[in-house]
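Two complexes follow with chain A in common, the first pairing it with chain B and the second with chain C.
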Partner chain A sequence: MSAIVHVEDFSFKYRDTKRRAVKHVSFDVEEGSCFAIIGANGSGKSTLCNALVGLIPHYFVGARAGRILIDGVDVAESTIAELSNTIGLVFQNPFNQLSYTAGTVAEELAYGLGNHGVARELMIERVEAVAKLMRIDHILDKNPLELSGGQVQRVAFGSTFIMEPRVLVLDECTTQLDPLGASEIFDIVKQLNADGVTVIMVDHDMERVAQYADTVMVLDRGSVAAIGAPYEVFADPELESHGVQPPDYVPLTRALGLPIEIREEPTIAAVKEVLA
Partner chain B sequence: MPHHMPAMNTTVIGRLNPITKIVAVFSLGLSALAWPDFTLGLIVVALLFVVSFMAHIQKDFAKIMFGFGIPVTVMLMFIQGMYSPKNKTVLLDLGFSQLCLEGVLYAAKVVVSLLVFLGSFYIMNKTTYVGSMVAALTAVGLNAKVGYLVLASLNVVPQMQRRMAVIQEAQSARGLDATGGMLSRIKAYIPLLGPVVLSSLTDAQERGMTLETRGFGITGVRQTSYVKVDWNTMDTVANWVLGIVLLAVVVVSILMRIGVIPMLITWGGV
Partner chain C sequence: MRIELKGLEHAYSKTDKALDGVDLVLEGSEPVAIIGQNGAGKTTLVKHFNGILRPTGGSVEINGVDINTRSTAEWSREVGYVFQNPDDQLFLESVRKEFEFGPRQIGMDADTIARRVNEVAELTGLSKKLDVHPFDLTPTEKKFCTIGAVIMMDPAAVIFDEPTCGQDRSGNARLKTIIERLRGQGKLCITISHDMKFVTANFSRVIVMCHGTVLLDGSVNEVFAQTDILRRSFITPPPITRVAQGAGLKETVFTVPAFINAITKERNHHG
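This part shows the complex of A and B:
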């Protein structure tokens, strides 16, 4: 596999701030993999997401160093609109992801396709397919401004995914959803990932990260504190010093003197064995 | 077959292409303005009532027309009737002032012209989905950014109302009293203004980011729309008729003004 995202010694400081939001960050994301970025609040996760889709440097002004390549294209030399063909971002706040131009959910989903000049017939096909996948096909006639938080989050996710990006960046995209809804969304993410879409996820739910990610990167005050397979990262006793709590299964298995587990099923099996 | 569109006016008027309706607003409005007196405008206003019946919006239409028309007519008739410099023929001596025919007729001309613009615009607005309007305008060459401005401006009000309700709830939960008389209500709304304005600015920034990541502003691409806008034979006919009417009215009006065609009704001319 080749790297579809290449970040090389990237640093960025927002205008009017004293310290850099990200410092000398380097990493590669292999095509078709699921890459998680974790860290405490203010560690630079969202800044990095913004940089990946070109909002930095095209939207946010500041001092920048290093470079980011998306499928070989330098984001600094492309435009956000052009990059949107390859990489899509689902923001934290779904209400701000609405275009505020659509009278129905169907129109909202189709908004990005219209900007890219997709023919109406194809637009309708994609809207129907994505709505079914996101389980919002029953609200396609509704006004997006009249939906619940969870429904808007699904619409926001669908409106990014409908553009069929090769890389999907999810910046805490399930904050408005209940656990079941979040789980449904990540089932879809898992399916997309299995179909070859590269996923970059930012999440505070470490169990979920351990479940879905192939690689985990820990950011601490803008710098890369650790990067590796989920097991390597979560088994590191120093992890908490970077402001990140490992999944509950790590301290549980550690306390029982068992080999450290980061996922639910093997932990349950190990605990059952001890109790037996 | 429309796909997932909001409830729309399905009458013969509602089915007209939005461009036809825009042409109608300007053609009828300019015709009323160009005609030397108020008679043509009055006929158009009467026709607009018929159109409102056809569009099944007659009640709301009548409310708007009478609600605006009556006070403005009364106000203008008294102002122009008493103080217009063209006044000669006294209709009524009020003691402190005289109401004259020329001013009254001039006021009638102004009022009917305003009513033609207001009425035709109202019918267009009530029978046209704004998404269809923008799609139709974009299809004939309107810049997609201008189209966005139109749609977003219309949607920003409900968004701000929702945000205001959220902030008000949050402040009420911490003791703010938004009930009672007018003064206490106004006082209760003042602390809402700062957060509403500031959070709207933050939202606007984030929304700008969203739009960019969804291809807004992409160059070299002709934008398409999910909203289907039809152009039927009815539209072709209506546009020809409206164009010919405007042209004929302008030509006849000019000929009347320069005296080639005698004015049958000379009162109220401007």
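This part shows the complex of A and C:
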């Protein structure tokens, strides 16, 4: 496997702010892997997401240093439109992702395809397939502005995923969804990942991160505080000093004097053994 | 504060009943959590508590007064509603102006407003952001700005619609402090949340909604012991509870210490 995302000593300070939002961040994401970025609010996670898809420097203005390569292409020397062929971002606030020009959910889903000049027949086919997968096929004729938060989040995810990006960046993309809706979305993410799509996820749900990620990076006030396999990162007692709590299975197995577990099923099995 | 619903119904269209006969009494200052999957009717329900929505069947009474006898603006003095999406609520040029707007509309005097601005800013963590434009706040700060703007009105009841969305550990800790502070002041806090860790840690009474009706209403222990009903209403208990239930512990537990207690009891019982 090779790195499809290469971040090298990247720093960024938004205009009109005093502090850098990210500082000297370096990491690689292997093609086909699931890479999680975690950290307290304000640690630089969303800034990094914006930088990966080119919103920094092409939309957000500020002082930047270092470089980011997506499939070998320098983000600063490309455009958001060109980058969107390879990498797509699902925004934290789905309402920020709507085009506000589409009158229906179907038009919203087709918006990016239209901009890329995809033929009408293929566009309709893809809209129908993605709508079915995202369980929004019953609201294709509705105005996106009349939907619930959960429905808009599904539309936002679908409008990114429909572009078939090789790298999918998910910035807390299920905050408006109930736990079942969120797990439905992550079932789709898991399938995409199994099909070779690289996933970069930002999430506050550490149980979910432990379940899906191959690699976890911890950001603390804009800097990389830790990076490694989920077990390595979550079992480290230092983690909480970076404003992040591990999955609940960690303090539980630790308190029971058992080998540390980071996922539900092995924890249940370990507790059953204690009770046996 | 007493909110009483009798056979409450709400239909957005002739074929779509979002609430289908809800009987409920909320009173006192014990914080209440309302849970349920998207579309269960949670937001529709709470929007009846200060008249943002009006019943299409049944009734809503606030302290014995029919909701339909007053305007939403009048009810908002008594029942504050913090919107799920902060962008639906914020419209002024600074946090300070957002905080001052509501109290001015209800005729609160300037000295009280000034004092409350400082108190509420401290409570919501926005003391250093009072002169910042709300749109320049982070999503979490925006949420606390909307919460602060509602608390500024000093209502007897506050409704939080999904306050835990996008919150990290410190954000949830601040929410906990706010709810405890309001409870200490005798206010009734009603909170919609999908975050079951937050719900079990902060609320003694939990109401489960499903398809526009109340499915369960009881103490947090009673509600989360109903595993089959919760599964049918697509509610996932928090991780510690799931492990306890998966491993066959009889007690419903939410925290590591409670889990250790329960497992010790069971081992002693078997031993």
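What we mean here is this: the second predicted complex is superposed on the first by the 276 of 276 C-alpha atoms of A that agree within 3 Å, B and C clash if a C-alpha of one lies under 4 Å from a C-alpha of the other, contacts with A are read in each partner's own complex, and residues count from 1 in each chain.
Here, a contact is a pair of C-beta atoms (placed from the backbone, for glycine too) under 8 Å apart; a residue touches a chain by one contact, two chains touch by 3 or more.
All values derive from a computational prediction rather than experimental measurement.
Judged by the touch definition given at the top, the superposed model places A:274 against chain C, while chain B stays out of reach. More residues of chain A lie in touch with B than with the remaining chain of the pair chain B and chain C. In the superposed pair of complexes, A:93 makes contact with chain B and with chain C alike. Once chain A of one complex is fitted onto chain A of the other, the partner contacts of A:65 are absent, as it touches neither chain B nor chain C. Shared-chain residue A:176: touches chain C; no touch with chain B. Applying the stated contact rule after C-alpha superposition, one finds that A:133 touches neither chain B nor chain C.
Residue contacts after overlaying the shared chain place A:80 against chain B, while chain C stays out of touching range.
Taken together, the two complexes place residues 93, 95 of chain A in contact with chain B and also with chain C. Partner chain A is touched in their complex by these residues of chain C: 36-39, 84-85, 87, 138-140, 162, 165-171, 194, 196-197, 234-236, 238-240, 242-244, 246-249, 256-257, 259-260, 263, 266-267, 270. By the touch rule above, chain A contacts chain C in their complex via residues 40-42, 92-93, 95, 148-151, 172, 175-181, 183, 204, 207, 243-245, 247-249, 251-252, 255-256, 264, 267-268, 271-272, 274-275.
Residues 3-6, 129-131, 134, 144, 148, 151-152, 155-156, 158-159, 162, 203, 206-219, 221-228 of chain B are the ones touching chain A in the complex.
Contact residues of chain A toward chain B in the complex are 50, 53-55, 58-59, 79-82, 84-85, 88-89, 91, 93, 95-107, 110-120, 123-124, 127, 140-141, 143, 145, 159-160, 163.
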